[in-house]
Amino acid sequence: MTAKMRWSIIILMIACTFTAFAGGRGESTKTDDAATAVEMSDTSILIAAQGSEPDQLDPHKTSAYASFQVLENVYDTLVQPAEDLSMEPALAESWEISDDNLTWTFMLRDGVRFHNGRELVAEDVVYSFQRVIDEGLNGWRFGAVESMSAPDDSTVVISLKQPSPNLLVSIAGFKGMAIVPREIVENGSIGTNPVGTGPFRFVSRSPDEGIVLEKNPDYWRADEGFPKLEGIRFVQIPDAGTKLTALRTGEVHWIDAVPPQDIESLAAESGITVGRVPGGDYHYFALNQNRAPFDDARVRRALAMAIDRDVIAEAAQFGAATANQTAIPASNAAWYFDYAPYRAADVDGAKALLEQAGVSDLSIQFLVTSDFPETVTQAQVIAAQLAAIGVTVEINDVDFSTWLDLQGKGEFDAFILSWIGNIDPDDFYYAQHHSTGGFNFQGYANSEVDRLLDAGRVETDQAARRALYDQAAKLIVDDASYIYLYNPDNINAWRGDVQGYATRGDNAIRFVEASLQ
Amino acid sequence: MNEKPTSRTRETLQILLANRLAVVGLCVLALLVVVGVIGEAVAPYGINDIDIANRLTGPSGAHWFGTDELGRDVFTRVLVAARVSLQVGFIAVGFALAVGVPVGLVAGYYRGTIDAVLMRIMDVLFSFPAILLAIAILAVLGPGIGNAMIAIGLVYTPIFARITRGSVLVVSEEVYIRAARSLGARDGRIILRHILPNVLAPIIVQTTLSLAFAILSEAALSFLGLGVQPPNPAWGRMLAEGRNFFQQAPWMGIFPGVAILVTVVAFNFVGDGLRDALDPKQKSVIESRGQSV
Amino acid sequence: MRAFLIKRIFQMLLALIGVSIVVFALMHLVPGDPVRVALGTRFDQDLYDSLRADLGLDRPLAQQYVSWLGGALTGDLGVSFRNGQPVTQLILERLPATITLAMAALFIALLVALPAGIISAVRSGTGLDYAVSAASQIGISLPDFWAGVMYILLFSLTLGWFPSSGYTQIGDGIGEWIRHIILPAMTVGLISGSIITRFVRSAVLEALNQHYVITARAKGLSEWQVVRRHVLPNAWIPIVTVVGLQLGFLLGGVVVVEVIFAWPGLGRLALTAVKDRDFTVLQGSVLYIAFMFLVINLLVDVIYARLDPRVRVS
Amino acid sequence: MNDAILEVRDLTVRFGTKRGVAHVVNGISYTINRGETLAIVGESGSGKSVGVLALMGLLPQPPALVTGSVRYHGRELLDLPPREWRSIRGKGMAMIFQDPMASLNPVRTIGYQLIEPMEHHLRLKGKAAQNRATDLLDLVGIPSPKERLKNYPHQMSGGMRQRVMIAMGLACDPDVLVADEATTALDVTTQAQIVELVGRLQEKIGMAVIWITHDLGVVAGIADRVHVMYGGRFMEQASVDNLFATPRHPYTRALLGSIPKPGKERPAKLMTIAGMPPDPVLMPAGCPFAPRCAHADGARCDDTIPQMESLGGTHGAACHYPLEAKS
């Protein structure tokens, strides 16, 4: 090596060490806490792989499923969905409803402590709910609430403007309604350093370690022996194929989703369990009813008729789904409405309807996003199926941010997406199909449907309420406000040494009862 | 002077045609162009003939390259994708040429402030991470093959500007340019008639290499979900989709992958051949030229 | 030399400001914004407007830019719209992973490219030369994500030699560090290496064709001595250029490979920022990447001067 | 003759090319003695440079194929293993080249390049090598030699660089110095100085010099004997005086006619040789010069290769119809 070469290498090395040093400094601020996590006995730390990156860890502000996968295990809600999706006690041990159905009184569990050691009091619940309302994102769920109060440390009283049979689902259906301590909001750390009452407490978050949680020994189910795990590490593996390989090689214990085409082979693999339950999610497409000719229900119906849902489900989910012409899956026995007016791939019927509507040479642009790749597959299959009735489909595949922008501005012919984790029929239909609904981007307005959905919100008699929603659903399906496709199964997969974990119908990821053998 | 370019072109062509690899490359490219033009007409199936019952079946008499996850014929899609992929390459690089070369010519010829300003702008483009630039441009313009081509083209623009400018700086010093200038020829005429023909060699070589890279860029953008819109097939998009099925249906990725490989290698062969044929430096070294490269 | 450096650094600052303006303008032209993304599928105009006002996104663009630039000059790149963390911290957190991957990839690239390029030039026209050329052609033509997936399937899934994803710090054990870095570094390194091989080959071939090589042979030096003492010192100059360029690219993060291997590098940070319209993070990371690139360019010029006495004097 | 340092017999160089075999050097023979200067003259493409590269062992094989015999102090070089040949190259036999700019490595100092052969052959290192290098630069007439050792080639003028090249050639006291077009790239004044320098050094050191040039003017000033080369063959060989006084080969005569003779009365018209030198791939079956020769008979000259024949003393010509002695 010549002197000059050596010189060049030295220059390069100085540059590199400089930058590496700068980097090292930055990362050390972060990993002080992580060190303790690493020292925990590695054998009972579960490594869970997520497909996408959580944004912030403030349960009231985030809308990212990846964040909720983590926060599910950190926070508690007043009550929570049980495995059968009925609401069971959580922070509230019991509750009472007044005879006029307008006052709900919740009795809090004794001795629950936040991870910072402070005891949970009723004021925390009121504070958290008020924050949810103020933050706006989920505030609409409190639409029926008149006022909230904490008469003593263990009682929360919620007064309603009108009866609300689904109040429990509204205020505790998912961790977006989590009960948080005021102090972490006030010191601004809630987004980066969540403190809850849940089975695991937050330790650290860094790009290389992921999100580290450790056991909360003071958890209110500690006397049952929960949680069993010493800790959880959530790592982010964006590529589905890599994530799958990581599970197979044992680098991670659990993954949040399995590419549909791999379910079969994975389930057959020894040492790996594929958890698969019919889910509350549904996939659909919607036509822009503010644009001709999609304002004509006959046109929409024609499209609903022309498609073959079984083929779409098979194509996009490799059979891990159930075709459905309404939103609510059969697994949600309390609310399932068996209604299927459209014959699959009814080309003649569809053509006749289009002719009636006086529509020919129809061309539709479908808004889809590769960020949810199944929408792209669905659109391609739909395109082929609609070609049979002479409808041309142009696919517009954009990133999800653009997708949201176009949808919000109403700049689309049709969009495809899915809804996840709904439980109550009000969640399935109101915001989407009520003419004033917050998600009614397709511009559906049917006064009868509005009336039925409004009535459903206040009907306290279960049977009567169910009848209301069945009627509403029939109208929605007949008008093809949404054209429902199928309910996919919820799928997680984990290694054989993970015990006590079950995939849930509402897609919540709960490790409280899990253990590593 | 008028004769010179033609005789040089002929000489270049002769050297190029004597290069076996370059000839192979040219033949492959010619074949690809033919496939691009008539591919859709001769393809055995339609590009969006979905047949879920026969999805992910291996190569057979009915489906030479097998079928993909929707039961579409991979052979058909590879054929039709030739046009899309070549279009991406040609239009993207055409865009880069159309912008980069004039910028380089003007900057190199006039020098001074205009040079400094133009080249700083090119520096900005160049120091921008390529794939992010492409992604951002696509986000602004909206996805789609046309915009993808512009985005990729813009990424390659500064390279052409730099190469052109560098050659112009050298050529401008030549006696005949100075003579033309001192005789009062118009700038535009000097640039187009005298300078441009003499800086073409490196530009042509860079063009073939960039064509190869542009086709690969389409693949990378497709991987990130920003390439050609479905159901239109492009090799990169097919490859990106095929990777998820590598274990169930390797043919989904292998055939478009091989198509990319062959195309890129063909462009590189032609590019290398052109460089040998056009680069006067290598021509002068006759002593050790016996070993052909 | 000093005047040259000052001029170059000044030009670099200009380019950085240019880059920041371009990012700023581009990001605000893009449809969608961080508030829209934060709200998810729900849309409420009042809520939207008030959140935009909270983030200062309702101010005129020029004003937003100036206040951002003001912060940037004092080292404050702002706070992520997405998760509220300081941008500087987000970038610094990802630097070690980015730099180690870049260095490891470059190491592999050079380990392959230098011998392969030199041998194929010295033995040009032989079967060995053709083999190297063919291998490097394939290396260049292989899309990185494809190569990465192949390596994962082969080395992780089938052979079980290396993990498929993740990053460990070098301080947590060198063995684990190597096991984690080897596949991503190989994916990037072999592609970079293929490109560099071609440059090394042509640079060495060019130097081999110079008259001073005959002079050196006439002195009775062996072929290897000729290559080492006379050919390589001249070939370094073009090689350094391309190596610098590659290093510049690598230090900017390799988006696709980072996605495949779940590598917590800057490329992924920037990609997520684009997708989520996290303007501040994108601006910060692009600025850093451009800075790296320009610094490497400057470094290359300095090395030039060390390598080539003709440049040094003028 | 005992004094013979180098004996070249029937040296042939062929190249495999895509168009066919190129016959570049076709059997040349010569002997060079101690202290003697031999000039080989020819147009570019005559094979003269390739001929000396072959005897230095500097032609890559393949594509070149070198046959015949080159004996250095009676030792056959062409059969020598590469390692042993390298120990002679640069030591016993040194070479200097046409373009001193291109022939010096631009990124190495003069000192480095000058000391290199000493290190290699003489195991001379450090101070001793420095001193010898300084002496050599002084010898070839470079002022302030010690400082110059640190210079790079681009910091010197063309003449200076050629002096450095000569110093490099002399570094290991060779007994044969091959100068391939050593003055061609230089201006006339410098040419003269270099020619004079080599002549002076030769007297001082006693080495033999093979001087390759296309410039008969240079030959006149330096050589003892001259070989005229064309189409890879020697056409005529003679002492320098004889050659200029009585050229016997039509080619030599044409060559002499094509240069203006300084000092002498300018000829009425400067002769040029019509036609092109032969293509080495398509060598004529007969005399290579026949197609351009005014004296060719159209039969024997085209069919039979003329052999070098003595025309008295050391003067010889390869011509079926040598010209009369009087010009």
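A, B, C and D are the chain letters, set down in written order, and residue numbers restart from 1 in every chain.
As a working rule, a contact is a pair of C-beta atoms (placed from the backbone, for glycine too) under 8 Å apart; a residue touches a chain by one contact, two chains touch by 3 or more.
Since this is a predicted model, take the numbers as computed values, not measurements.
A.B. asks: In terms of Cα-based centroids, which chain occupies the most central position?
C.D. replies: Chain C is the most central one.
A.B. asks: Of the other chains, whose C-alpha centre is the longest way from the centre of chain D?
C.D. replies: For chain D, the chain whose C-alpha mean is farthest off is A.
A.B. asks: Busiest chain-chain interface by contact pairs, anyone?
C.D. replies: A-C
A.B. asks: State, to the nearest whole Å, the distance from the C-alpha centre of chain C to the C-alpha centre of chain D.
C.D. replies: A distance of 53 Å separates the two centres.
A.B. asks: In angstrom, rounded to a whole number, how far apart do the mean CA points of chain A and chain D lie?
C.D. replies: About 87 Å, centre to centre.
A.B. asks: Suppose each chain is reduced to the average of its Cα coordinates; what separation in Å results between chain B and chain C?
C.D. replies: Whole-Å distance between the two chain centres: 22.
A.B. asks: Measuring from the mean C-alpha position of chain A to the mean C-alpha position of chain B, what distance in angstrom results?
C.D. replies: Chain centroid spacing, chain A to chain B, equals 44 Å.
A.B. asks: What parts of chain B, by residue number, touch at least two of the other chains?
C.D. replies: 139, 142, 224, 243, 246-247, 287-288, 291-292
A.B. asks: Pull out every residue in chain D that's touching 2 or more other chains.
C.D. replies: Correct list: 53, 107.
A.B. asks: Do you know which chain A residues sit against two or more other chains?
C.D. replies: Answer for chain A, listing residues that touch two or more other chains: 4, 241, 371, 399, 401-402.
A.B. asks: Provide the residue numbers of chain A that touch chain C in the complex, in ascending order.
C.D. replies: 2, 4-5, 7-8, 11-12, 15-16, 19-20, 22-27, 29-31, 38, 53-58, 61-64, 136-137, 140, 191-192, 206-208, 235-239, 241-243, 245-246, 248-249, 251, 371, 399-408, 417, 431, 438-439, 441
A.B. asks: Hey, which residues of chain D end up touching chain C in the complex?
C.D. replies: My answer: residues 53, 56, 58, 82-83, 86-91, 94-95, 97-99, 102-108, 113, 116-117, 120-121, 152, 154-155, 165, 168.
A.B. asks: Touching chain D in the complex: which residues of chain C?
C.D. replies: Per the touch definition, chain C meets chain D at residues 210-212, 214-222, 225, 229-230, 233-234, 237, 307-310, 313.
A.B. asks: Where on chain B is chain C touching in the complex?
C.D. replies: Against chain C, the touching part of chain B is residues 120-121, 123-132, 135-137, 139-140, 142, 212, 216, 219-220, 223-224, 236, 239-240, 243, 246-247, 253, 257, 260-261, 264-265, 268, 281-282, 285, 287-288, 291-293.
A.B. asks: Per the contact definition, I'd like the list of chain C residues that touch chain B in the complex.
C.D. replies: Touching chain B: residues 11, 14-15, 18-19, 22-23, 26-27, 29-32, 124-125, 137-138, 140-146, 149, 153, 205-206, 208-209, 214, 249, 252-253, 255-256, 259, 267, 270-271, 274, 282, 286, 289-290, 293-294, 297 of chain C.
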